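Look at the two complexes coming up: subunit A is in both, with subunit B in one and subunit C in the other.
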Partner chain A sequence: MSGRLKQFFSQRGMRKLRQDKMAMGALFVIGCYLILALFVVAHLPSPEAVVMRVGPDNIPGVFGTQTAEKRLSDAEFRLEALQRAVRTNDPETSLAEFRMGDLRILAGTPKAVESRIEGGWKAFEAVAVYDDIEAEAVALELLENLESEVAALFSPPTGFTALASFLRLSLGTDRQGRSIALRAIYSTKVAVQIGMVAALISVLIGTLLGAAAGYFGGWVDHLVVWLYSIFSSIPWIVMLMVLASMFRGSRFDGGLIPVYAAFCMSFWISPCRVIRGEVMKLKELEYVQAASAIGFGHLRILLRHVIPNTAHLMFINFSLLFIGAIKAEVILSFLGLGVKDEPSWGVMINHAKAEVLNGFFWQIGAATAFMLVLVLAFNILSDALQDAFDPKHV
Partner chain B sequence: MWSYTARRLLYNIPVYLGIVLLLMLALRVNDPANAFLGKNANPEDLLLIKERLGLDRPFLVQYFDLLKSVFSLDFGTYSWANEGITVGRMLRESVVPSLSITLPALILTSTVSITIALISAFFRGRRIDRALMVLAVVGMSVSFLVYIVFGQYFGAYLLTRETGYSFFAIGGYESGLANWPYYCLLPVLISSLVAMGYDTRFYRAVMVEESGRDYIVTATAKGASKRKVMFVHMLKNAMIPIITRIMTTLPFLIMGSLLLEVYFNIPGMGRVLYKAIQEQDFPVIQIFVAIFAGLFILSNILTDVLYALVDPRVRLS
Partner chain C sequence: MSSKALLEVRDLVMHFPVRGGVLNRVLRRVHAVNGVSFAVQRGEVLGLVGESGCGKSTLGKCLIRLLEPTSGSVLHDGSELVGLKHGGLMKHRRKMQMIFQDPYSSLNPRLSVRETLREVALFHGVAMPHGLDAYIAHLIERVGLRAEAADKFPHEFSGGQRQRIGIARALACEPEFLVADEPVSALDVSIQAQVLNLLMDLKEEFGLTVVFISHDLKVIEHFCDRVLVMYLGSIVEEIDCTQLHAEARHPYTRALLGANPINDPADRRPLTVLQGDVPSPFELPPGCAFAGRCPVVEERCHQERPTLSERSAGHSVACLLD
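Presenting the complex of A and B:
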C-alpha cells in the first residue's frame, strides 16, 4: 500500500499540485484549522467556557468604540452583578466565588465591598442625570470617573490569565455576554466535524455506487441512475426540511445525526455522477481488459484497479462537498434545523441578525471571517486539484 | 426528434414514481396527524383528521390518490393549519411572488455574469482578469445568509435612516407591478450578487475553453479582429453550454429563493413550504414537494430535448 501511495504522490498531477504555491498555502490554512479543531476536541476552549458569561452584552472587540450610553449601562451591569453577589445569604463565599470572565472581586470584607459598591452607585447617579452624555464634557469626565471606580472593584487578572482574558474579549461579546472569540474558535470543530463526516460519507457512497454502475452497466446502472435522478429532483433545501421533520421528536433531534443524514442524502449525487462517467471510460482501457484476461474477478478489478484511478475525482469532490457542508450548515441554522447544543458559525450568524440592526457587527463579522478563510482555502484547493488532475473539466 | 422526446418522457416516469414513493414514506415516519395535533391530542380528533385526508386507508391507495391528484392537477385537499383553504389555492397565490423574485434575478445574474465573464476572458491572464476571478472566489466563500443580513441592513435599514426616504421595504409583499421595486428589488439584487461568483467563473471557463478551439485560430488567421472573434465567433458557440446552464437553473425558479422569501417575508412557494413544515401541515408539504419534483423533471426533459435539437449526436445515444 505504501508503494501505491508513493506512486500516487509522485504522479504528474501531484507534482503539479506541489508546485502550485496558492494550493500549498491553502493546504497550510486548512491544516491550521484542523489543529484548531483538535485543540477544541482537547477542551481548549472547553464547552463550558463557550456558554459562560464573560461580561456585559454586546461589548465590542479590541479596537471598537462604544457610545457613552452603552458604557453607562455596562458599568451599571457590573455594579448590579456585584450587588447581587453581596446581597446573598452568605456574602463571604459568594464574593470569593464571584467570577465575571476572569475578573474577581478585590479582596475585602463584605462590608467594605458593599460600601465601595455604594460609592460606585453614587458615581453612576452623577452621570445618569445627564440626558445626552456625549454632548457635555463634564458628563464624559464623570463617566470616566465611574468607569475607573467600577474597575477598582475588581482585581485585574495577571500573567497568563490576563492574556487569556484579553483573548476572550478580543472580539467582544454576544447578546448573552458570551465571548465571541471563544465561540468562533469552538465552531471550527463543529464545522470541521460536519464537513469531514458529510463529505467523507458522501464521497464513499457516491464512489461505490458510481463505480458499480459504470463498471457493471446493465440493470445496476439503471438502478443507480434511477436512484440519483430521484434524489436530485428534490432540491436539497427541501429535502433537508423534510428530513428534519422526520427526525423531529426522535432522540436524535437537535444533534448532528439529522444534519449528517440530510447532507449525505443530497451530497452523494455529484461524486456518483462523475465517477460513474469516469469508470465507464476506464473500463474500456487495455489495462482493465488485461486484468480481466489474466482472470481477476470483477470485485478485484473494481477495487484494486479501477477505483484507485478515480482517486483524484474523489479528492476534488471531497473538497467541494466540504465547502458545501459548511455553507449548508449556516442555512440549516437559519431555518432552525441545524446544530442546537453547540455553537457553530451558522448559529452565530443566525443569532447576529438582531444585533446587526443595532449596528453591532462583531459576532457576524467574526463568524463570517472564520468561515470565509476556511471556505476560501478549500475553494482554492479545489481549483488547484482540478487544474492538476482534471484540466479539461469546465 | 419526437421519438427522442417520448423516450425521455417514458424514462422519467419511473423516476417520478420513485420520488413520490420516497416522499410519502419519509413523511409517514412520524405519524403526521400525531405530529400536527401534538402529544395531548384526543383520539377522536386524530381519527377525524386522518379520515379527512384518508390517512387510514392502505398505503397503496393513498399513493395512487396522490399521483392522481398531481397528474390531474386537482389540488382540492384542505390545508390543516389554515382552515378552509385548499392546497391548490395556496399554490396559486404563492407562484407569482416566487416568480417575481427568481425570474428577474435569473435574467440579471445571467446578463451581468456573462458580460463579466466576457471581459475576463477577453483580458485573460491580465490583471483585470485575475482581480475579477479573485473577487468571484471570495464572493463564493461568503455565506448566503451574510449577504441577506447585510443586504437588508444596508439596503433597507441604513439607507432609509440616512436619506429619510424608504427605497426598499424591510420585508413584506404586495402584488402589483407598481409595488414591485419597493418589495422585490432588494431581494433580487441580493440573490443576483450571491449567484454571480459561481456563474461568472463557469461562463469564463466556458469561454476560455472555447477560445482554444481551431475555428478561433482560423478566424484570427483570416484577419478578424480580436473583438470580432470574441463577440461574433466565440459567443455564438459558447451559447450552447450557457443555455444549458440557464435551463438547469430553471426549476429552481420556483423554490430557489426560499431563504430570501423567509427572511423578507415574501409569501412565495418557498415560504409557504417552510411554514407548512414548521406547522406540520402535512397535506401542503406532500403536494408542494410532489409538484416541485414534477416541475423539476419536466424542465429536465425540456433541457434534454433542447440540447438534442442543438446537438443531433445526443439523440442517437
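Presenting the complex of A and C:
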C-alpha cells in the first residue's frame, strides 16, 4: 500500500503540483484551517462565553485607545458586576457565573471589598456629572482615579491567561459581549464539516451515476439524465427549506443533517454531468476497447480503466464543491435556515446585520475575512489541480 | 471454403442505427459492412485494404466481437461467435486479440507497463503469480524494449515504443489470431518498418494468424499473403499478394495500385485520379457501389449489383464487366 502511495506522489501530476508555489501556499492555508477545525476547536473555550461588557462597542484591541465615555461605561459595568458578586455568599462562583472571564476578585473580606466598591461608585458619580468628559481636564483626571480604583479591585491577569485574554479580545466582541476571534475560529469547524461531507458525497454520487450513464448509455443514460434534469430544476434553497421543515421537531432539527441532505441532492449534478461527458469520450478510446477485447467485465473496465482517468475532474469538482458548500452554508445561516446551535460564519454575518448599520463592522469583517482566505486558497488550489492533472496538459 | 479455416465469415452485415427525434426512433442506418464472406486460413496473413470509411475497421472489430454484427456469422475454429454472451465469448477472447491504430490512445495512461501486462496475464491465467515478473520481462524484451521499461508509464514512451507495448499487451494472453487495425499508419515511416518487421518476427515465433488492416497497399504487399479490397462495406476483389500487380482486375484495385508512389523516377506514368465521391453509406446505390467513379462504367453497372465470383484459384472479383 505504501508503495502505491509513493508511486502516486511520484506521478507527474503530483510532481507538477509540488512545483507550483501558489498551490503549495494554498495547500498550507487549507491545512491550517483543517488543523483548526479538526484538532484545535475542540480544546477552545466555549464561543458562547461573555468576555466583555454586553454591547457591540467593544472594539478590537488592535484599534487602540478607547473613548472616555467607553472607559467610563466599562468601569460602571465592572463595579456593577463586583457589587452583585459581593452581595452573594460565594463571590468567586458568582463572578465565574457572571462570566467575567479571567478577572478575579480581590482577596479580602466582603466587608472590606464592599467599602472599596462604595468608594468606586462615589468616584464614578463625580465623573458622570460632566456632559463632555473629553473636553474637561478635571473630568479626565477623575476618570483616571476611578480606573485605578476599579483596577485595584481586580488582580490583572498575568502570563498565559493575559495572552489568552488579549487574543480573545483581539478582534473585539459582538453585541452579546462574545469574543469574535473565538467565534470566527470556531466556525471553521462547521465550514470544514459541511464542505467535506457535502463535496465528498456529491462527487461520489456524481461520479458513479455519471460514469454509469456515460459508459452504458441507453436506458441507464436516459434515467440519469432525466434524474439530474429534475433535480437541477429545483432550486437548492427551496429544496433545503422543504427538507428543513421536514426535519423540524425531529432530533436533526437545527443540526447539519438537513443541510448535508439538501447540498448533496443538488450538488451531485455538476460532477455527474461533467463525468458523464468525459466517460462518453473515454469509452471510445482504444485502451477501453482493448480492455473489452481482452474480455474484462464492465465493472473492472469502469473501475480500473475509465473512472481513474476522470480523477482530475473529481479533484477539481471536489474543491469547487467544497467552496460552493461553504458559501451556500453562509447564505443559509444568514437566512436563518442553516446551523442553529453552533457559531458559523453565516450565523455571525446574520448577527452582524444590525451592528453594521451602526458602524460596528468587526464581526462581519472577521467572518468574511476568514471565509475569504479559505475560499481563495481553494480557488487557487483547484486551478493548480486542473493544470497538474488534466491529461491534456501532461 | 475449407474446413481448416481458423476463422470463417459468412454474409456479415453491420448496420449502425442513427437515432434521434422525440421517441429516439431509428432515423436511418449507416451501412458499414454489407454481406461480407471470407475465410482466414491458419497461419496466413490476410490484408484488408480500402479507403477511409469503407468499413474495414468495423469488419475487424466484428471479427473479434468488439462489435455485435447485425447479421451473418463468424465461425472461430468452427464455433459460432455471433450471439454469444460475455461468458461464452471468454474462451475465444483469449485466442484472439487486436492491435490498435493510435498508440497515443491505446494505452491506459494511469497504468504502468507492468500493470497493463500483469492484468491481462493474470486474467487469462497465462502465467502463475510467482512467474509473473519473469513472464512480463520476457514479453517486454520480445517486443524490443528493455526490461526496465516495465515500471514506466505510457507518457514516458514515444509512439513507436507505445505501439510495441500495445503489441505486448495483445500477445500477453498468448493468442493465435490477431487483428491489426492500421498498426503502423500513425507512425513515422522509419518506425513503420521496425514495427512491421517486429510483427513479422512475432508472427513466425508465435505461429500467429493475422488480419492486417491498412489503407496502404505498399504495407500490405510487404506483409500479407492475401488481400481483400473493400469498397463501401463490400469486398470487391480478393487476390494473392504476389499476383496483385499483374492480375488485379477490379477498376478500384487498379486505381489503388495506380495511386501508389513508385520509387523509380524513370518509370513515371500519368496518374489516374478517381473522380467523384464515395456514395452515402446511408443509402446504397441499386447497382455497383463503385459505378459513380468507375472509369470504365457501363449502363448496366447502375442497375445490377455485381457479386464476388472466383476467376482463378484464390482470385475473386466483383465486377460486371470482367
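Everything that follows uses one rule, which is that the second predicted complex is superposed on the first by the 341 of 394 C-alpha atoms of A that agree within 3 Å, B and C clash if a C-alpha of one lies under 4 Å from a C-alpha of the other, contacts with A are read in each partner's own complex, and residues count from 1 in each chain.
Keep in mind that, in the parts below, contacts are C-beta pairs under 8 Å (C-beta built on N, C-alpha and C of every residue); 3 or more make two chains touch, one makes a residue touch a chain.
In this text the structure is predicted, and so the values were computed from the model without any measurement.
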Superposed partners subunit B and subunit C on subunit A - clash or fit: fit
First (subunit B), second (subunit C), both or neither touched by A:H305: second
First (subunit B), second (subunit C), both or neither touched by A:A68: neither
Partner chain in contact with A:L285 - subunit B first, subunit C second, else both or neither: second
Dominant toucher of subunit A (residue count), subunit B or subunit C: B
A:R248 touches, of subunit B and subunit C: first, second, both or neither? first
Touched partner set for A:F296, first subunit B, second subunit C, both or neither: second
Subunit B versus subunit C as contact partner of A:L82, first or second or both or neither: neither
Partner chain(s) touched by A:V224 [first = subunit B, second = subunit C, both, neither]: neither
Smallest separation of CA atoms, subunit C relative to subunit B, angstrom: 5
Shared contact residues on subunit A - subunit B and subunit C: 394
Residue ranges of subunit C in contact with subunit A within the complex: 61, 64, 66, 86, 89-90, 93-94, 96-98, 100-102, 105-111, 119-120, 123-124, 153, 155, 166, 169-170, 173
Residue ranges of subunit A in contact with subunit C within the complex: 11-12, 285-287, 289-297, 304-305, 308-309, 311, 391, 394
Subunit A residues touching subunit B - in the complex, by the definition given at the top: 226-227, 229-230, 233-235, 237-238, 241-246, 248-250, 323, 327, 330-331, 334-336, 345-346, 349-350, 352-353, 356-357, 364, 368, 371-372, 375-376, 379-380, 383, 394
Complex contacts: residues of subunit B adjacent to subunit A: 12, 14-16, 18-19, 22-23, 26-27, 29-30, 35, 137-138, 140-146, 149-150, 153, 157, 202, 205-206, 209, 241, 251-252, 255-256, 258-259, 262-263, 273-274, 277-278, 280, 285, 289, 292-293, 296-297, 300
